[in-house]
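In the two complexes below, chain A is the common chain; its partner is chain B in one and chain C in the other.
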Partner chain A sequence: MITVDIYKVLQAANGNIMLNIQLDIAKGQLVTLYGPSGSGKTSTLRMLAGLMPVDKGHISVQNQRWLCTKENINRSPQQRSIGYVFQEYALFPNMTVRGNLEFALEKRQNTDIIDELIAIVELEELQHRKPNTLSGGQQQRVALARALVRKPKILLLDEPLSALDIKMRSKLQDYIIKVHRQYELTTILVSHDIGEIMKMSDKIYCLEDGKIVKQGNPIDIFTNTRVSGKFQFTGEVIAIKKEDIVYVITVLMDQNIVKVIAQESEIIGLVIGDKVVVASKAFNPMLLKVEV
Partner chain B sequence: MNIFSGHISDIQVNESLSLVSIKINEQAILQVIVVETPQTAPYLIKKNPIQVLFKETEVIITKEDIPDISIENKIKGTVNTIEKGILLSTLSMDSEIGTIVAILSTEALQKLNLEKGSVVIAMIKINEIMLAE
Partner chain C sequence: MIDWEPIILTAKLALVTTTILLILSIPLAYWLATSTSKMKPIIETLVSMPLVLPPTVLGFYLLMVFSPGNTIGGWLLEYLGVQLIFSFSGLVIGSVIYSLPFMVNPIQSGLSSLPASLSEASYVLGKSRIKTLCRVLLPNIKPSLLTGIVLAFAHTIGEFGVVLMIGGNIPEKTKVVSIAIYDEVEALNYSNANTYSLLLFIITFVVLLTVYAINGGYLKRFWK
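The block that comes next holds the complex of A and B.
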């Protein structure tokens, strides 16, 4: 369990904002911080990592106190067992992929973890290459692996995928979910992508002006009506076409394209690019075994 | 989407499924099956207000009541408007719960010889209706 209760006055473009964030995150959860720029998401991650001073408050992780301003406890970033991945890959250009990972090792740490991580994020073929010869997605995989070298308890991801194209993003999301589960991490993600949040998070915190204004599971937060349908996915409308007396709506869900028949009344106000929930009852879909 | 508001009048639970009766008004009760129970869905409480939702394509239209049929929900009404397409047509009917819209094949529409004012019964299976708070 991670318990956070922090206060900090942040200087923003139009005056100061008072950041006051409380989080209770169970071990093994993947949670998202969501909100407009300047709402305090990155500052929250930086304070958790010990990279930004906190004015007042406490942070405890699995009953260990990392910060308590009252009692003058403040662990350094190195003592906090955190892996951090940013939007920029921040890899050392003069080192190979493997070199970048090895550089993150602690003194006397067993080096087996390097091969293990290289295998997990499938970098075997690329391990002797320099970062500038890799694609953005490949570099971000290196950054993800590097963040895990010291086997952190907490993984902080600050919009790690926003610079990548949609296909690469989806693949990276799968890698993140994989390492999150395999290493039993508690992961805090900053993301603006609703599809990504729906796919990855157990819980979402919505921030505005340094405060949590809403929290809950992503489907409840992003949909106005909660329907009982057990078959619910979010996607993006990519085409709306009137055919005969109905509309055929094409929705991109993750990497899959689905088509939904709708009535005119259902699509009022709907435009291409809108996020939608596609809902059906658990009774309708058919299962067909895939022969491999 | 056909959407109607009502109140939960009865809930029968068996393992993870519930058969929920929703009273739309004095004349009409709709039955719905959901993969929820009062434990998993806090809105499943008797007398709670609830919305029922079903697609136009899931509405079956008949001119005469068929007593021996495995469809639980039957609502009587009269045809109001018909929009004829090539393969599919839209029919809206005034019923005891309000306007119900159905999409059916143009062939079926012609076979049933439906026109404005025809008396019809809309039928919807319990597994085609969704609930929303």
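The block that comes next holds the complex of A and C.
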């Protein structure tokens, strides 16, 4: 549905990087662009939206050409029919929540969609408030709803949840999954939160220095397929401590902190901040019911 | 007793000038805030020149350009029947040029201070640049617009050099308050000069106080 082949020289902090991205995204998929900052994730999204010029390449969506530098085709952002959610919300401060949504309406468009979207993101109570009186999570819900008013086929999310706390994040993720399914969207998400990617994405593109270095489904990318573990979790190393002959590695998984024993050979090259997979063969796991 | 004519003329000049400036400055400031053109520093310099140039320099050149003996002045007189020197329209043109930076600079800095994502959000919602400017950008820089309007208005009330050079001192046509003061002093009528001066002093004080009170949020707090 979306095919992209773009090339651009980006000015980064440490010299120029050549961005060269090929994407092939099927209808209805939710894909993630993942990678360190400065790897070109946001730039890719901005070029898709038409907010940043492309040096060379083409973008086509549902057999319509949005960009083709060879034939001088370049649709403006206004003509691209996308929903775009910015990291910093970008709500219009002079309009109420409802006003922000109404502003997005097209001429002669049925206004029922406004109430529908306000109901989906549960903002009925807050619809007459100004954005600056809302919390970050509420503002991002408004931004999500506003991006969908014109019923776009494609939703672009630029690290939409990075400014929110973990609890709010997980709630927003549910909203995003909900609208993604309900409106049959094709969604491209920029994220560097592995938990979020595992939960939401069908496919992941790993970017490094403007190139795609790996792509596939998130479980294959983030877990080490050499181990046929029964339990597998990914997390981030937050401490490495030597105790007698073994090492105790503290790993942050989602919201849980877990301590794992490791041999010296396992921690070669491992530093704090690394992403790791914790896997267990688990021949005899204990199963306990949680009383609530 | 003082003649009220110069006061009415001054108010009229300031109103007309401010209105024209507002219409001119919004597109100009928008262009300056968004353009990456190589011409931009040159235009910016020209807009800001009246801040440092002696008003007499500006007045002198306008006088030269608009004189019927000159090409432009002659053409205006011949084809449009307008003579700009020693007339109210001439004063308006002089004042517009002279007060241009006072209107353009606040609007330009207001527009530049808005995050780029605001206009980008509007573009991806399918809205044109003009609609974005009118519905999103301008409503969010109201304090800058107010500052521009009031500074341009107050500055026009206070100008002297340009007006004298291009307009001269014709009662009911070009004799504004600042010139009336000069006139009264020349004629040794110090009490009349004092009345005019005090009036200008009070008007400019009140006008500027209003701006700072509104932009500083003092009035809002007071109303609450």
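By definition in this document, the second predicted complex is superposed on the first by the 225 of 292 C-alpha atoms of A that agree within 3 Å, B and C clash if a C-alpha of one lies under 4 Å from a C-alpha of the other, contacts with A are read in each partner's own complex, and residues count from 1 in each chain.
Rule of thumb we're sticking to: contacts are C-beta pairs under 8 Å (C-beta built on N, C-alpha and C of every residue); 3 or more make two chains touch, one makes a residue touch a chain.
For clarity, every value in this text was computed on a predicted model and none was experimentally measured.
Undergrad: Report for A:G216: first if it touches chain B alone, second if chain C alone, otherwise both or neither.
TA: Touch status of A:G216: no partner.
Undergrad: Would you sort A:P36 into first (chain B), second (chain C), both or neither based on which partner it touches?
TA: After superposition on chain A, A:P36 lies in contact with neither partner.
Undergrad: When the two structures are overlaid on chain A, which partner does A:A279 contact: first (chain B), second (chain C), both, or neither?
TA: The answer is first: A:A279 touches chain B but not chain C.
Undergrad: Once the shared chain is lined up, is A:I245 touching chain B (first), chain C (second), both, or neither of them?
TA: After superposing on A, A:I245 lies in contact with chain B but is clear of chain C.
Undergrad: Using the superposition on chain A described above, determine whether A:G28 touches chain B (first), chain C (second), both, or neither.
TA: neither
Undergrad: Considering only touches as defined above, state whether A:E266 meets chain B (first), chain C (second), both or neither.
TA: In the superposition, A:E266 contacts chain B only.
Undergrad: Between chain C and chain B, which one touches more residues of chain A when both complexes sit on the common chain A?
TA: After superposition, C is the partner touching more of chain A.
Undergrad: Is A:P53 in contact with chain B, with chain C, with both, or with neither (first, second, both, neither)?
TA: Touch status of A:P53: no partner.
Undergrad: Quick check on the output: what are the common chain A residues between the chain B footprint and the chain C footprint?
TA: none
Undergrad: Which residues, counting only chain C, touch chain A once they are in their complex?
TA: My answer: residues 115, 117-118, 120-128, 135-136, 139-140.
Undergrad: Touching chain A in the complex: which residues of chain B?
TA: Its residues touching chain A are 1, 33-36, 41, 51, 53, 55-57, 83-90, 101, 103, 127-128, 130-133.
Undergrad: Spell out the part of chain A that touches chain C in their complex, as residue ranges.
TA: 49-51, 76-84, 86, 88, 90-94, 103-104, 106, 146-147, 149-150
Undergrad: Note which residues of chain A are touching chain B in the complex, please.
TA: Answer in residue numbers: 225-230, 244-246, 261, 263, 265-266, 279, 281-284.
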